[in-house]
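As structure tokens, here come the structures.
Below, subunit A partners subunit B and then partners subunit C, in two separate complexes.
The block that comes next holds the complex of A and B.
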């Protein structure tokens, strides 16, 4: 009965965003925070963008994740800028490496977590249909969405079984840990996948008619605000370039 | 409505025919029960009717299958899907969506119906299945019974003429079976044609019109239901079928238990932020007993078994055994849980490796002895995943015995088993009696009467009652499974 991370919590999700807005947010974050575009001269850009996942997490009432995220990010950010100048040599190298990687990756991961945990499969397919993506791509992607919670479920059962058999780190079977975990995981997931597709086929998936989608998606005021916000960094990078030309 | 003519079918990877020269005609509005032992071909017949054979499960097929004039051998699966709706055995793996509303809409969306009609149908199906309160919920948080009702609603929303159910109750408790029965009755009164393949027969007595008994891919008996019911229980037993009514079940030999007991202390546990799902301050259980843990879904049965095996991290209770207190970490070594899905606990490449995995010192003789006792000796070098369900379960038991676990907990060991296999499971438990303490979490009254010595009845996380299963205990147990339901509903009404 526990909630797993990758499972969309449809019962309790607070602020509702259109999946397309979420997608655009992800692209923006990946370009500027992970990719580091326009980071020279615009030092304030990345930290500001990193506020977005925090705000979204707070709106969807994931307080624990929000607090953890802000603590880790702030520590990493300040040690990067403060200790980064004070240390030298190998420590400096290691410090800059780890803090740099974490400050770049973590905001994206948190946003990804937010997106996966607040989007339902049918919302996702509806958005994809509106974007005119082919069904050949949509169906496998939506199955993947459905599969995340299943695999985490299976994984925790297998973990429990391993603990009862005393197969854990530090035991005599350290080398085989991965194999022991993967063999049952693969057999179970492949069986579930098979049953899942049989069930989907008997419900008429893959017919020759165009699928409808009952899901109400659409842009609201919160979507427009976020999309406008996302345009800001793009403009900030592009405008100076056009002046040079 | 359904016409199967001279069908032979062989699955692509198997050597023998799953179905041999089978002909079956089912008229419109009939409700037909398919029964028989595991592997008799009844699942294959359901797959013939919903088109999964030969379109999804491939193989060699001769003969013809038509439903409502549609030739299923030639028709595409999505065409069949508009006429035939299917409900499957495993509630975990028949959902395509993560939330209930879009799951019910899913089939209609595939048919390309307009939005407005789909919304009406969702409401209609939800009210027919009495699941309005489940709409918009996360399917992963529902109980098995609720999942099965959502599956029925999803099928029902397509308005199919034919409904096929393949062992729909194998994971359900009595209440859930009762509500499934109501659903079937409402379908029947709408004039739908229904085909059910099932092991548990008692709930279908008043629903089916006709019973078809299969063996080895052939139809041996095809009787109207009232004749089938009239046949003596011994005959059913001989056919390997489960009894048709629970009232006549009897305990074969009263148990004799001697002395010793162990104590559970502070068995309290609650999942995050919710009210406690288990609250047992102290409880004595017999050491040499086979204890059946019964109760409705959500009564705390599986929480109890997980806590007992030391699998819940924030659990602080203890077990007092021979004056020694065992806490979570030591319970992990003392107890072993055989899960409902045994596939989760088989890791190795061969049965022998598997059972030796948890052993402290490799002792060849002991291994051979236990394998022989569990009838596994000939499979020593086979891959555990290639065995049948019952054999896998025995491998799991063997590994628990060899790892010197003293308390074995079984979670639903007979879900989806026929009479013979259930009997086998029961006699296996009996042979372990006295050597190990056994707890069985189950909804299966037949299994309990065959092998258990004690009943532990949980309700809402507390012990409702706990009694030995003797001459006085067994009527109490049968009463729980047949009347417990009505009584509770009456109480609710008076409140």
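The block that comes next holds the complex of A and C.
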């Protein structure tokens, strides 16, 4: 996931969604699956919402992730409901804890994986501009997404070098592990960062002019379907309340 | 000095240090993937993240840089599917950390350590969903019996919520001290700060 963070392959990604739809999806999932809102009386809601990441992963041709997700989620879901009643004591405690947390967090994490692996930095920037987010947030964000691959690359090279010097788990110098990794990482990335900022400034980042973007984003039929789907749980929660009033 | 606006170079610096910070937190999150140990991230994350954060603070000279970094962490958490809770918490804690460091005129070292502690509270935001709507979550599972409910309430008791908050803050301060020591040992001599 790290190498594919916001570095999507544009040609081969199947169904395209607007980044704003993805944000709305993330918020809906966070409210209902992660936050557990409206779970009283709407027990069927959570499993239904958990299908969304699966469908999206399938449409964007990430079959491996989709299969892994469905296997893990189903195992956890059934062991939660089946073994949860059968076991007692410490086993029960560990089992319910693990399965409970995973069934709550995993659908959201999978949706997150889908979002970061199918959105490009330009698309994301364009969506942020349309949402009228301040430049002060957009510039650091786009720099950061550009910088991720560099940092992870440096990090893995340093890791390899330190493993050769036996500074790793199971090696001779476990104590030095942290210092000998972080210090070179910080030193080289702050150097690279300075070069990057000089390069970006020459391209006019942070100037007074409004920057243009070649990415075309917009809502299509698939966006409308998903947005409508996202309104369903909100309505299901709000409607009973209004009847009481 | 405090009235100066953020310019391109400052914003790029924020982006670079956010990237380093996030990669480190992300690598740690991969280590702590066993759900039971997840709360430990509240301790380990701030301690190790404190090192790049202290280096970042040496570059902070204008109002808003810490706040922007904190909001960015929140946005990243939203994008990677951890919910919007960290965004809300991060905005508040980032502003507080900014005010703490600002009150030291962006120079004071002890205020920098304190700012690192306050900043680290954003991590706690990720744990809020474990504590929200506990009653509603359990009411659907009444058929599992009282024992089940007791088990889960023991696993995530309500007092854990403030404990995690305090531990994130304290670990942030330890991380800040650690970062300060490492800065002294390596970066000041090398002329990087």
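Note that the second predicted complex is superposed on the first by the 236 of 245 C-alpha atoms of A that agree within 3 Å, B and C clash if a C-alpha of one lies under 4 Å from a C-alpha of the other, contacts with A are read in each partner's own complex, and residues count from 1 in each chain.
Keep in mind that, in the parts below, a contact is a pair of C-beta atoms (placed from the backbone, for glycine too) under 8 Å apart; a residue touches a chain by one contact, two chains touch by 3 or more.
Computed from a predicted structure; not experimentally measured.
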item	value
Touched partner set for A:210, first subunit B, second subunit C, both or neither	first
Which superposed partner A:27 touches (first subunit B, second subunit C, both, neither)	second
Which of subunit B and subunit C A:112 touches, first, second, both or neither	second
First (subunit B), second (subunit C), both or neither touched by A:190	second
Subunit B versus subunit C as contact partner of A:97, first or second or both or neither	second
First, second, both or neither for A:74, with subunit B first and subunit C second	neither
Partner chain in contact with A:136 - subunit B first, subunit C second, else both or neither	second
Partner chain(s) touched by A:35 [first = subunit B, second = subunit C, both, neither]	second
Partner chain in contact with A:151 - subunit B first, subunit C second, else both or neither	second
Subunit B/subunit C common contact set on subunit A	2, 142-143, 146, 150, 179, 183, 187, 196-197, 200-201, 205-207
Sites on subunit B touched by subunit A in the complex	50-52, 55-57, 76-82, 84-86, 88, 90, 92-99, 101-102, 105-115, 118-119, 122, 136-138, 140-141, 154-155, 158, 271-272, 274, 277, 306, 309-311, 332-333, 335-337, 339, 341, 343-348, 357-358, 385, 399, 403
Residue numbers on subunit A that touch subunit B, as the complex places them	1-2, 4, 7-11, 120-122, 142-143, 145-146, 149-150, 153-154, 157-158, 160-167, 173, 179-180, 183-184, 187-188, 191-192, 195-215
Residue numbers on subunit A that touch subunit C, as the complex places them	2, 23, 26-27, 29-30, 34-41, 43, 84-85, 88, 92-94, 96-98, 100-102, 104-105, 108-113, 115-116, 135-137, 139-144, 146-148, 150-152, 155, 178-179, 182-183, 185-187, 189-190, 193, 196-197, 200-201, 205-207
Residue ranges of subunit C in contact with subunit A within the complex	6-9, 11-20, 22-24, 26-27, 34-36, 38, 48, 51-52, 55, 64, 68-69, 71-72, 75, 78-85, 129-130, 132-133, 136-137, 139-140, 144-145, 147-148, 151-152, 154-155, 182, 186-187, 190, 192
